[in-house]
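Shared between the two complexes below is chain A, which has chain B as its partner in the first and chain C in the second.
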Partner chain A sequence: MRVIGLLIVIAFGSLLRYGVFFFPEWGDPASPASLHVSPHYIEEATAETAVPNLVTAVLADYRGYDTMFETTVIFAAGLACFMLLRVLQRQVPECRLYRHIPTGITLRIEKGGKLPTESGSFERIDANWVPHDLIIKTTARFITPFLQIFALYVIAHGHHSPGGGFQGGVILGAAIIMFAISYDLRRSIQRIGEQATAVLGSAGVLIYAGTGVLCMVLGADFLNYSALAGLMGVDPVMARSHSMLIVEIGVGVAVSAVMVWIYYNLSSAGRHDEGL
Partner chain B sequence: MGVELFTDIASQYNYLGVVILMMIGLYAMIAKNNLVKKIIGMNIFQTAIILFYVSTGAKRGATIPIIQHGHNGHGHEVIHAAEYINPLPHVLMLTAIVVSVATLGVALALAIKVYHQYGTLEEDEIRGRLRE
Partner chain C sequence: MIWELDFIILTLVIFSGIAAITVKDLLSAAILFGAYSFMMCLLWAIMGAVDVAFTEATVGAGVSTVFFVAAVFHTTRNSKD
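Entry: the complex of A and B
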């Protein structure tokens, strides 16, 4: 298998290398990729949409269909992980482990047993024993709010600086996943439950598609944001800019929720009790 | 001929890197026995394609595709397409990166299912179990 694989790889690689000879030089301003529609985007986008960040303008306006269905693909991926892995009947674990935080003693409670009443300083830990990482937990708790604020900044400021719904949504999801890794899965699910991730994921897609449908109701094409100018009380160009922000918020909500949803299902193999 | 070949490679070394990266991913997908390694190979392949698209958007002497001084009044200054790099590949790859993370999640979920069913992630052992 190794030899066949190597032969196929060398054959394909030399074929690609041969084909690449006819490609334009790297950084050639007159390469075919930069001549067709992109000059229009670069020269007219600010006048047509009032968004200086061309990537955001092309992403959310000129190619809004593409982005909408990419968001749908992400939601479908989250749904697929849920369908594949989720175990819905709740099994009672064989034993549960509790750690007494001041002394570090681990308490093992068999099936059916109960924790002693004065149990304020006990914390539940996973069955494969993990040490009490004070530094990691404190650092993660300290960083998480700053990460979330940064994620919101990246979403909200995507019109003027590198950023947007996808990037900010991934940072927001990563902040929650970092919390889940540094503490444990149960504590993260207590804060943002599985239902919340599912509802937020579909809500994000709904915000995006709903903006498009609203444009249709107001008599324009699907996702033609200039139709919303009357509702927002601004001129059609600024209406495009504002609608892009709405759409980016939808994308950010969907992406962050689905990232967390996928993590919950993958890390615990669908049982949602013990995980990474 | 020798000098020409060298200048060709020197002016196109981005494609060379992409091809090498792509072939690493392809080799991992064909030759590796472990399913997770195959998935990682698929991800390296996707990364090569993303790099390829982003490198086609580059223009020599141009800056990032954010119009300078675009926020205080628009349309006053003439914008030349040669001054900003092509935003289109960036848009396409921006969505592709996030979708590749999502598909990676689905692939790992399938790998978990396979592990629960067969108790292994090695391809030859799975084939052996299937034959039993």
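Entry: the complex of A and C
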């Protein structure tokens, strides 16, 4: 069986390698891709959309339909994790561990035992993973605001520099995930709940699709942003630039929320109680 | 493009890719996959695709490694079947 598998892999690998010979050279100006629409994008994008970063102009404007469904795919991934993993009935765990904060003593309370009151001198800790590291917690708390500001910068500055909704959204989500790892999952869920992530995830996709529908309502094609010029009070070129920002914000909101949502479900196996 | 740098990074990409699928321990595979993504990110940056490099760094080397580790955390060392 292994030999047959190896033969199939070699056969298809050499087929792919054979196909690569017909590719144009790297950076070849005479390749079909460089002759058809690329010159138009490279020469006209700044004049047509007032966006200096070509990649953003292509991603969010010329190929906006594509990016909308990429965002939808991300949202669908979050939804799939939720559907597959989430355990909705509340299960009481076998035992719970509590740390008495002043003395550092750990209490183990079996199922049915009396749990300590939420007075502040006890904190719940995970049964199999006990991250009690002052350095990690302090560092994470120190870095998080800078990380979030950087994420917002990446989203907002995507017109002028590399970056945009996807990258910024992932960094924003990663900041929250870092908080959840350095403290614990329950504390993170207290701050940004599961419902919030689900609502924000769908809201981001709706912002994107809503911008497109608004263009349709105003009489232009779906996602033809120049139709929004009258609404924004600017000329059609700037309207395209501003609409790209709106769309990028939608992508950023959706991606950051979905990353956190996936992390909640994956790390706790859908129980949202004890996790990584 | 500096071909020596390109060569070193490409070699590292291939080695970490092969190591990620051959290594027995799942956690090591997850970390190796993160290393693979990071090397790919450097390659994109060298080729001038900075946006793609940025995405690879955040999604490939960052969040997906965390997701892999979170999933590996719920596995056991010996399979039950």
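The criterion applied here is as follows: the second predicted complex is superposed on the first by the 261 of 276 C-alpha atoms of A that agree within 3 Å, B and C clash if a C-alpha of one lies under 4 Å from a C-alpha of the other, contacts with A are read in each partner's own complex, and residues count from 1 in each chain.
Methods note: a residue touches a chain if its C-beta (ideal position, glycine included) is under 8 Å from a C-beta of that chain, and two chains touch if they have at least 3 such contacts.
Please read these numbers as outputs of a predicted model, since none were measured by experiment.
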{"item": "Which of chain B and chain C A:I171 touches, first, second, both or neither", "value": "second"}
{"item": "Chain B versus chain C as contact partner of A:R141, first or second or both or neither", "value": "neither"}
{"item": "First, second, both or neither for A:R108, with chain B first and chain C second", "value": "neither"}
{"item": "Which of chain B and chain C A:S31 touches, first, second, both or neither", "value": "first"}
{"item": "Chain B versus chain C as contact partner of A:A269, first or second or both or neither", "value": "both"}
{"item": "Chain B versus chain C as contact partner of A:V55, first or second or both or neither", "value": "both"}
{"item": "Chain B versus chain C as contact partner of A:M259, first or second or both or neither", "value": "both"}
{"item": "First (chain B), second (chain C), both or neither touched by A:P162", "value": "both"}
{"item": "Touched partner set for A:R187, first chain B, second chain C, both or neither", "value": "neither"}
{"item": "If touched residues of chain A are counted for chain B and for chain C, the larger one", "value": "B"}
{"item": "Chain B and chain C contact sites that coincide on chain A, given as residue numbers", "value": "53, 55, 59, 162, 164, 166-167, 170, 259, 262, 266, 269"}
{"item": "Chain A residues touching chain C - in the complex, by the definition given at the top", "value": "53, 55-56, 59, 129, 154, 162-164, 166-167, 170-171, 173-174, 177, 181, 259, 262-263, 266-267, 269, 275-276"}
{"item": "Chain C residues touching chain A - in the complex, by the definition given at the top", "value": "50-51, 53-55, 58-59, 62-63, 66-67, 69-71, 73-74"}
{"item": "Chain A - residues contacting chain B, complex", "value": "1-2, 4-6, 8-10, 12-13, 16-17, 20-21, 23, 25-29, 31, 33-34, 37-39, 41-43, 45-47, 50-55, 57-59, 63, 66-67, 70, 73-74, 77-78, 80-81, 84-85, 160-162, 164, 166-167, 169-170, 255, 258-259, 262, 265-266, 269-270"}
{"item": "Complex contact set, residues of chain B against chain A", "value": "8, 11-16, 19-20, 22-23, 26-27, 30-31, 33, 55-62, 64-68, 70-71, 74-75, 79-82, 84, 86-92, 94-95, 97-99, 101-103, 105-106, 108-110, 112-113, 116"}
